[in-house]
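Have a look at the structure below before the remarks.
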Amino acid sequence: MAETRLIRKDALTKLFEKTRQSGRRILAPKAKGEQAFFEEVTSFGEVCLDHVQTRSSAKEAVFPKCEALLRYKFGDKGAVSYDEKPFEPPVTVVFGTRPCDARSLAALRAVFNWDTPDKFYLEREARTTIISVSCTKADSDCFCTSVGGGPGDTAGSDILLTPVSDKEYLAEILTEKGQAIVALAPELFATAGGAQKEPHLAKVAVQFDVNELAKTIPVTFNDEKVWQEQSLACLGCGTCAYVCPTCACFDIQDEANRQGGVRLRCWDSCGFSLFTLHTSGHNPRHVQSQRWRQRVMHKFSYYLERQGMLGCVGCGRCSRACPVDMNLVEHLKELALHGRNG
Amino acid sequence: MEELKNKVRELLKAGTVQAVIGYRAGSDEKTARVAFVRQPDEADGLILDPRCTDNLAVYLLKPEVKLLGKLAIVARPTTARTILQLASENQLADGQVIVLGVSADGKAVVELASFEALEKFVGQVPAGLTEEEKVLLAKIEGMSREERWAFWQSEFARCIKCYACRAACPMCYCSRCIVESNQPQWIPVSPHDEGNLEWHLVRAMHLAGRCLNCGFCAKACPMGIPLNLLTQRLAEEAKAAFGAVAGGSATGEYALSMFKADDKEGFIR
Amino acid sequence: MARIGVFVCHCGENIAGTVDCPKVVESMMHIPGVVHAVDYKYMCSDPGQRMVRDAIREHKLTGVVVAACSPRMHEPTFRRACAEAGLNPFLCEISNIREHCSWVHEKSEATTQKAIDLVRVMVEKVKRNRELQPISVPVTKTALVLGGGIAGIQAALDIANCGHKVVLVEREPSIGGHMAQLSETFPTLDCSQCIMTPRMVEVAQNENITLYTYSELESLDGFIGNFKAKIRMKARSVDMNLCTGCGSCYQKCPQKKIPSEFNTGLGTRTAIYTPFLQAVPNKPVIDRDNCLYFKKGVCKLCEKVCPTKAIKYDQQDEIVEVDVGAVVVATGYNVLNTGFFPEYGYGKYKDVITGLQFERLASASGPTSGEIRRPSDGKVPETVVFVACSGSRDPAKGLPYCSKVCCMYTAKHAMLYKHKMHEGKAYIFYMDIRAGGKMYEEFVRRAVEEDGVNYVRGRVSRIYEEDGQLVVKGADTLLGGMPLEIKADLVVLATAMVASPGAEELAQKLHVSYDAYKFISEAHPKLRPVETNTAGVFVAGACQAPKDIPETVAQASGAASKVLQLFSKPELMREPVVAVVNRTAPPLFSTCVGCFLCEKACPYQAIGREEIKARDGKVLKVVAKVNAGLCQGCGTCVALCRSKSIDLQGFTNEQIFAEIMAL
Amino acid sequence: MENDNKATGAFEPKLVAFVCNWCTYVGADLAGTSRLKYASNVRVIRLPCTGRIDFMLILKAFAQGMDGVIVSGCHPGDCHYTVGNYHARRRWILFRSLLDFAGIDVRRVHFAWVSAAEGAKWADLVNKVSGEVRELGPYKEYQGLAGKGIA
C-alpha cells in the first residue's frame, strides 16, 4: 500500500484548494497567542506548523467537544417526535497532526468500537483523513518513544509528511484515504527518489520502560501515600483529559425548551469530583488521589488489559497544559520506581 | 531567600505548623510549582523568584491539603489579599494559617500570624490593575460593541468547559458550582457558544467585588482565553462605582452585600 | 405528572371584550400536564368558585391557574376555594389577563396571544409549586402610635381601652396637634379645646399609654407583630420626673419675644415654655436655639427659680427602644407655605393671614383672647375678605387636589367674625362650595342666610396695599367676570393642607409608600383605607389625605380596630413566602458553603448560622439558616447566592426559570 | 411567545419584564385600572422584589429569544423590603457593565423605577422600550447562539 512521493511545500496551497473544492473541510493547526489549536482553515496560509504540539488534540475531528446525538421536537401535549435525518458528519481532512495524535485514533476506536459500535464516532472517523507531519523537533514533555510511538511513526496517518528540506516534504501515502487525496492533484506529487525521513526526525529519548511500568503500576494501587503525594497539587480541573488525544469519557446532556431539544455528548474528565458522584451523596472516588490514580491506571494498566494497547501516545499535552505543572513522565517514573521497590 | 528557608525550618521544627505551602522548581527553567514542605530539610528546595506567580491560596481550602495539619503559606501581596478575602467570606479563621508575606520586590519575608498583621501588610501595597492591564482593558473598551461581541465570541468559542479557570480560582470554593446545579439547569453544561457565553459571564459576575486579580484563571486556561479581563473589568467598575476593593480586610464588606443610598444610577429610567 | 386545571374568567366583558377566552382555553389543552381548561363569565362568583372546587375533585388537580384579574384582587379568593376542595392553597396561581392585558390592549389576535402566553407561563410555574404551610409568628401586643393629634389620641385611647399597651410619640412638647389650636369646630361651633383637652388628659391618665412627647421615631425594623422601634427623646433640658409644672421658670425667662408656634406666630412665648396652658404633659422644654444660656452661656434664671431643681442643661437626646406589634401613623398635616402665591402678599402685609392664624385670633385662649383684632395694629376689622382655595385645586401654581376642609372652615370663620362683629362685612371668594357632610350644607346656608356672609364666586388675582389700606382685587364670575375690588381690613387665606414636614422621611423609615404629595398611601383606596402596603402599619388622619375631624376620628378608630384585630390572637399566620437553605445528601448536607454574604445583605437580619453536626457532636459544617419568623421573602439572598443554595418559597429558582422557558 | 405581527409581517419585538410585586406590578395594575393603552409585546414575570431578580434571568430571557428585557421595581427609598432595590441596583451597575464589555447590546436591557402610583410611567416605559427595540430589530446575535458550536 505505502507509497512514497515528494511534494513541494508551496504545492500544499494547491492541494488545500483541491481538497476544499472536493467538498472536504480542513482542520489544521492555527496559531493563537503562544499556542496553536486545530481549527477549520480555508487555505494553507493559515496553517502554523511551528509548534512542537498543538494545545488541543485532533480528536475534536472524530469526537467533538459537543456533539448532537439526537434532536427532537415537542408536539401537542408534549408528544415527542424525533429528527430522523441520517447522520452525515462533514468529510474532513485533518492536516498537520503529529504522529502521536494520529496514533491516538486507535486508542479512541478501541473504546468507541468496543462492546457497542458507536455510530457517531465511527462515521466521523470513516469520513476523516489524517495528513500528519513528522516531528523535526520535540520538547521535554514529549515521550512518544517511551510508549511505542515515534516522531516519524506512520500508525494512524493516511498520509505522513516529513520535511526533508526547506522546500520539500517526503509524503508517505499510507491508505486508500491518502490515495484519494493524492488523486485530487496527482501532479503535485513527484517521485521520491532517494529521500530518507529518518535523518530529519526529532530525537526523543526513551524515558521509561513501558513494559516494566505495566507490571509495576498495579503494585502501587493500594499505596495510598504515593498517589496522595503525587496529587496533592492537583486542582481537579479537567484540563489533562480535555487536551488528551485518547481520553474518551463523555457526559450526555439533554437541552430542551418548549419547542424541542437536543441530546448532546460532551467531553468529561475523571479528574472531576462529580465524575463519580452518586445521587445518594456517596462518591466512590471521593478524594483527588483516587481520581489521579484512576487516570494513570486507566491509561497504563486497564487499557492494556482490555484493549491490548496503551491509552497514552506520549504527546505530553497533559504535562504542558496542567495549570500546576504536574508532569506525567515524572510521576510515571516515580511510580515505576515505587512499584519496583514493592 | 535564606530568610524564607530559615523561617520555614523554624516553623516546622517548632511544630508551629505541620506544612508550609511554597514554591519549588518546576518541569523546566520557566516554571515553578507548588511545594508542600513538611520536613525542615525540605525547605532547601524552596524557591522565590519571578516564576512564582501561582496564587497558592487556592490550596488552603483543598480538603486534602487541609488534612496536612496547620499550614503556613508563602504569600505575595495578591495571595495575602486572597487570604483576607477568604477570611471575610468565612472560609478561613484568624490564626488558622500563618502567612509568610513576601514583599512586592520578592525580597523581604515577614511572618504574619493574624489577620490584623495581614491587613497591615497588604495595606502597604497598592492594589489595582497594572498600567499594562489597564491598556489592554482600554483597548477592548475602545472597540465598537459589535467588535467586542465578535472578539469575545471568537475567544469563548474555544472554551472546552474544562473548568480549569474555576479550579485555579481561590475564590471559586463553592461546594456545588452553579453550573452543576440542574434544578433548574441555569447554565448549559455543554461547551457550545451559548453555554460558553453564559458560563463566562456568570463566572465573572460571581467574582465581581471578590476577584483579587491574581490572573491564575487565565494562566490555567488551556485554551488561552483571556478570561481575567472580564473580572478585571468588574473590579474596575466596583472600584469606580462603589469604591470597593476586594481583599483589604478580613471583615471587608462585599460590594454586593451592601449599598449606598446614592449609588449612581444614570441608566435607570 | 402534573394535573393542572386552567380557569379563564371573562370578567363580564372586561376580559372577554378584548381577549378571545375560548381560544385561550383551547390552547391550554395542548400544553402537557393541563388536564382541564374552562372559561366562565365570572370566575370569582359563587358558581365560578364552585367550578374550581368541583374540577379539583373531579380531575384530581395538582395545580390550578386562574386567568383573571390581578392577583391583588382575587388570589385569596381562589386560594381559599382551592383549600376548600382539599388542594393546598399555594398550588393555585393567578394569571393577570385583565389589568396586564385586556384593559391595556385593543381587541386583537396579539392581545389574545399575550393572554395565552401569560397563562402558559403561569401553568409552567404552577407545575413546580410546592405545598406550603402558613407560618405562625407571635404578636407583640403593644401598639406604636405616631402623632399626638386627634387621630393619634383617638387611636391610642381605643387600643388602650381594650387593654393593650400603647406607645404614643409626639414630636412637639405637648400632644394636641392642630385640633388644640382651633377655635370652634364646624358644623356645631362647639369649642375645640373644650372637647379636645379632656381627651388629652385621658391619654395622660391612661395607664396603658406610655407617652413620649418632644420625641420622634428614629427607626423601625422588623415586621408585623414584631417591630422594633427606636424613639429619639429630644433633650427637654427639664427633668420630667422632678418638674411639677409650676410654671415659675417660664414666668421668669427673660427671652419673651419668641414667636409662639402654637399661636402661629401671632403671639409670643419664652425660651423655656409649654406650648399652651392646657399642654399635656404640662411640663416645659427649653428651646435651645433661643435660650440665652445655650446661646451665650449666661442666664440660668430658670435653674435658679425652679423649686425642684428640674432644669438640666446637660440633658442629651435619648434613644429608647420598644417592641411593638403594630404601628398607627397619625402624623397629621401642615398648611401650605404661602410663598406659593406672592401676589396675595402674605408675609408682606401683616393683615394677610392664614386660616389657621384666624383660628388663633378667634380662639378664647389665643393671643387676643378671642377678640378678632388684626395683627398690624390690633384694630377690629370692619371688612374681612376670605380667600378659599388658596393653593388647593390649582394645578398651575398650587396643588391639584381639594383640601376638603377649607369650604367649611371659611364659612365658619366668616360666621365667627359676624357673630363677634355684627356690623362687619365678610366676603368669601370661592370656586365651588363643597359641603358634603352631615349638617354641612345647612351650615354654609346659615352663613349666607342668617349671618349675611357675602359669597363671591371668583378668584382673587391680587392683594395689594393702597394708602395703608388692603385692596383685594378679584372677579365675580357669576356677574360675567365683573372685576371687583374690595377694600379689606383683614384678609384670610384658606391655604391648602399639605403633608407635614418630614413625611417622606418618615414613610421611608416605616417602609410604606406615599403619593406624589407625600401623603401616605393606603393599601386600597376603597377596601383597605386604614392599612398601608406594609403589613402591621396602619394610617389615620390627615397624613393620609386632607380630611376633617369627624373623618379623622372615624379613620383613627378604624385603624385602632385593625390593630385590635391583629392583637386578638396570640399568633399571626403569615404567608410562607420565605427563603430556605437547601439540604442535600451527606457528606455535603447542604450545598451552602457558608460564605454568609447573604447574611450581610439580608434587610431583616433573618439569616443566621447553623452547625451541622455528626452524631458524636462534631461540627461538620456551618451553613446559613433562615429565621422564618424574621424573613419577609424579598429574595435578595437568593439572587446573591452563587451556588443557589438558598431559595425563596413561592418564587423558587425552578419556578421562575420555568416561567422564562415558557415565554 | 409568538408575537410576530401576522397581518403586516413587520417585526414585533418580544419583551419580558421582571418586576417587583409591590411597586411596578401594582403600577402596571394601575395602568390597567386606568385603561391606559400600551404595546402588547411585553410579558410580565412577577417577583417579590428587584432584590430577587437574579442577573441570570436576564441572560435566560435572551437565550429564550427575547429581543429586550425590562427590569423594574420600587424607587429608591420606597422598597417594600426597605433596601432590596438598593441591592438590585448595585448588581445592575456591575452586570450592565459586564454585558457591555462582553459586547451584549445593553440598549436591550432597560432598568426603571416604576412606583405603584405610576401607571402612566409603566405604559410609557413599555411603549418606549417596544419602540426602541423595534428600531434595533430582532436580537440576532444572541438568538444566533442557539445551536452554535454543536457538531
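Remarks
So that you can tell them apart, the chains are marked A, B, C and D in the order they are listed, and the count of residues begins at 1 in each.
The definition used in the following text is that a contact is a pair of C-beta atoms (placed from the backbone, for glycine too) under 8 Å apart; a residue touches a chain by one contact, two chains touch by 3 or more.
On a predicted model such as this, the values are computed, not experimentally measured, just so you know.
Relative to the centroid of every protein C-alpha atom shown, the closest chain centre, again from C-alpha atoms, is found for D.
Seen from the C-alpha centroid of chain D, the farthest chain centroid is that of A. Chain A and chain D have CA centres that are 46 Å apart.
Centroids built from CA atoms put chain D at 34 Å from chain B. Chain centres here are Cα averages; for chain B and chain C they lie 50 Å apart. For the pair chain A and chain B, the distance between C-alpha centroids works out to 32 Å. The set of chain D residues that touch two or more partner chains comprises 55, 60, 64, 77, 83, 87, 91, 147, 149-150. Counting only residues that touch two or more partner chains, chain B has 186, 190-192, 195, 256-258. Listed for chain C are residues 584, 588, 601, 640, 653, 657, 661, each touching two or more other chains.
Because contacts link each chain to all the remaining chains, their graph is best described as complete. Considering their complex, residues 1-3, 5-7, 12, 14, 16, 22-23, 25-26, 28-33, 35-38, 40, 43-49, 51-55, 57, 60-61, 64-66, 74, 77-84, 87-88, 91, 115-117, 123 of chain D touch chain C. Those residues of chain A that touch chain D in the complex are listed here as 64-68, 89, 257, 262, 264. Put simply, chain D touches chain B in their complex at residues 55-56, 59-60, 63, 76-77, 83, 86-87, 89-106, 110-113, 125, 141, 145-150.
Looking at the complex, you find that chain B touches chain C at residues 89-91, 173-178, 181, 183-184, 186, 206, 253-254, 256-258. Interface residues of chain C facing chain A in the complex, by the touch rule stated above, are 30-33, 584-588, 661-662.
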